[in-house]
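Here the chain labels run A, B and C in written order, and each chain numbers its own residues starting at 1.
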Amino acid sequence: MTLLEGRNLSIAFGGVHAVENVSLAVAKGELLGLIGPNGAGKTTLLRLLTGILPPDTGHVFFEGRDITRMPIHRRAQLGFALTHQIVRPFREMTLAENVMMAAAGEVTVRPWKALVAVNARRERERALGLLERLGIADGADKLARNVPLGYLKRMQAARALALNPRLLMLDEPLAGLNAAEATRLADLIVDLNAGGITIVLVEHNLGEVTRIARRLLVLHNGALLGEGEPRAVMARADVRDAYLGADVHA
Amino acid sequence: MYYAELLLVGLIWGCTYAMMALGLTLVYGLLRILHVAQATVFTLGAYIGLLAANYSGSLAVAFIAGAIAAGALGPLIYRFVYQPILDRPPFVALVASIGVLIAMEDGFRLLFGPYGLSFEHNTWFTTTYSFAGMTMNLVQIWMVVTAVVLLSAFAIFATRTRAGVAWRATVSDPPMAESFGISVSGVRYVNFLIASVLAGIAGVLVGLLNNLVEPGMGSVIAYKGLAIIVLGGLGSVPGTLVASLALGVVESYGTVFLDKVLDRDAIAFLFLIVVLMIRPQGLLGRR
Amino acid sequence: MDYYVSVATFAALNVILALGLNLISGFCGQVSLGHAAFYGLGAYAAALCSVAGVPFPLAILVGVLVAGIFGIVVGFAALRVREDFLAIVTMGVGFLFLGAVRKQPWLGAEMGIAKIPSPLDKWGYAALAIGAAVALVVLSLHVRRSWMGRAFGAVAQDEDAARTIGIDVAGYKITAFFLGTAAAGLAGGIYAHMTQLIIPDTFNFIQSITILAMVVIGGIGSTIGVVAGAILLTLMPELFRFINDYKLLVYGALLLLVMRFSPGGLAGLLQRLGLRLA
């Protein structure tokens, strides 16, 4: 069954077609990798799917429901979570508080409901559990502005998980982590997927992404170049050319 | 004919706004600071211009003195007010700027007295010309001429000279400009210098037009300058010019047609709010 | 004695105004340079009601609601413009309010509204204003501890991140505007009945900046700091003749110094000395 579907998505910036007529479907339970050389339009496509950018044309469906114009916070409430490529922590909160904010969705859904709720013990326990799971429990009570990038990247994943998502879209979650941290987070992504969360992953770390993804989509010059089983896709000549060409010109 | 005259008066005010707003756009474009304290620079220009005119009897001397005083004050405000707090959130610089503005309003009151000063020989004010049934005085004509000349000079500087190109490069990408050997800090001083000289000259002109220089004369025009840069769309120089003229004309007609419901300042800000509700990115801004 | 009672009442009104702005700017991070307009809206609405014979408590309530409803409208407008421009738009709202009131004969134009019925004596207004100020302090402290306060903090620190974790940023901003402007409306209603005369100029841009100065000097975001700032800025001109004559010079210089050396205001200063205020 299809969980997320993008139909004929296009967007242009000042005449340049950043994404042109891309359609894709993400099945429930999938772990899909979205790859492509720099400037291929991966992040833009992700932004169209998540609603950060409204598409010029095309539609996005979540469980068959058209969510193209739905505000981001409503999508998050439906279980559609995302992380940003560049970490966006609440800088003046601790890591635990950052995750607690996401865990408190039921309370903060209406301002008036939030006004009468003070107790945060349940959210804190949940936040600590998630930080533990991501291996950063030791930073729980440090301010976000004072911890290294590796912590923030993983805190961001914890924050997305605190939403109890059914669909998780991760924009380069492994960037900025060292090899050991990256492998550990990649393994966790596989675990989460096994636990029932559908995951879409934009990633530059091809080694990890081909290892964990069950299907790859390749984007090139704003259009879909190919898709399929990771090893088969990576072996294709046109995919190799796209990467090599991009590297030569970069 | 009456409507044509209103249009003309509006455009004349628009020219004055443009001289004020261009500087605010430059500062905003480079530093993301809403430089409210530009009003202080404007008022200082007017006072020094007036004192110079009354002392020397020459309006040319008045403009030079006003421009020099203003041109000195602007960079000083940058150095001592903004530069130490550049890395803080924009709110901090805005509040500091408001602090300078209101403090100096009383400062001028202490220095030059509360009631305002007039030019002793304001020949431009008394010299009037009539054509096609419309009457203008020489100050109004000079306002238009000065604005056109100075803004054209600025356009040539920005597009045709090495310094201008360096300056634009810095506005669009400071780290990149630095890697090409451009002194970012130097560009900032130049920026404040240009903005302040324009404001100082505008101050002298407005002083001549009203034949009055008073402590609070800069505030409203500075607030409107800020409204104009928002209207024009964020650091867009052509947008700023269009918005300046549009605001001048809207005010001019508005004070006639809306006289029973709103005053002049309210009309200006109503225009701002209406435009922003329709086009949040401003008149010529891109989304 | 009367003098002290009236100074205390004004201090309490300023506390209400400053805490209202602090809800909007300090808690929710939305800069507003037009707070005096809502003070004025409350004052005019309540005054009109009383002049028309509406009972005092109801008149005050109308003032609160009118200010709060306009606050919601401005909150919606605020959603449409980028953060930097909100300051200019709210400043514009202030000028629009003033320019509209000045031209309306039914609002007394420049002369304002006089002979507003006054049902209480000096002590009564003092008790009312101080009671309201205390209630607002309690509310502020509670908001800060509640999930609403946490969500405001998230909106203030990073709107986009707040959206991605399901926080209704628009809803919270509008709530902050409603609460803050309704508080200003309450102060306006009390002020109008106490002085029995209101004129447009009382609610001008300088008044907005004065309220902002109380918030910023006390310490933006800190309830206790803001209360201290409001009281301090009310008392200073009363204590020193020079400050009364050159209020703007002193307020302006204080704003500049605080921004330059202690952006956290008095509360930030105390915190650096090891005292943490709520």
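Criterion: a residue touches a chain if its C-beta (ideal position, glycine included) is under 8 Å from a C-beta of that chain, and two chains touch if they have at least 3 such contacts.
If you're wondering where the values come from, they're calculated on a predicted model, not measured in any experiment.
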{"item": "Overall pattern in which the protein chains touch one another (line/ring/star/complete/other)", "value": "line"}
{"item": "Innermost chain, taking as reference the mean of every protein Cα atom displayed", "value": "C"}
{"item": "Which of B-C and A-C has more C-beta contact pairs", "value": "B-C"}
{"item": "Centre-to-centre distance between chain B and chain A (centres being mean Cα positions), rounded to whole Å", "value": "47"}
{"item": "Centre-to-centre distance between chain C and chain A (centres being mean Cα positions), rounded to whole Å", "value": "41"}
{"item": "Whole-Å separation of chain centres (CA-atom averages), chain B against chain C", "value": "30"}
{"item": "Contacting residues of chain B [partner chain C, same complex]", "value": "32, 34, 81, 84-85, 88, 90-96, 98-107, 109-110, 219, 223, 226-227, 230, 259-270, 272-273, 276-277, 280"}
{"item": "Touching residues (chain side chain C, partner chain A) in the complex", "value": "142-143, 145-148, 150-151, 153-154, 157-158, 160-172, 175"}
{"item": "Chain A residues within the chain C interface of the complex", "value": "50, 52, 71-73, 76-77, 81-84, 88-93, 97, 100-102, 104-105, 107-118, 120, 159-160, 162-163"}
{"item": "Chain C residues within the chain B interface of the complex", "value": "31, 33, 77, 80-85, 87-89, 91-93, 95-100, 102-104, 205-206, 209, 212, 216, 246-257, 259-260, 263"}
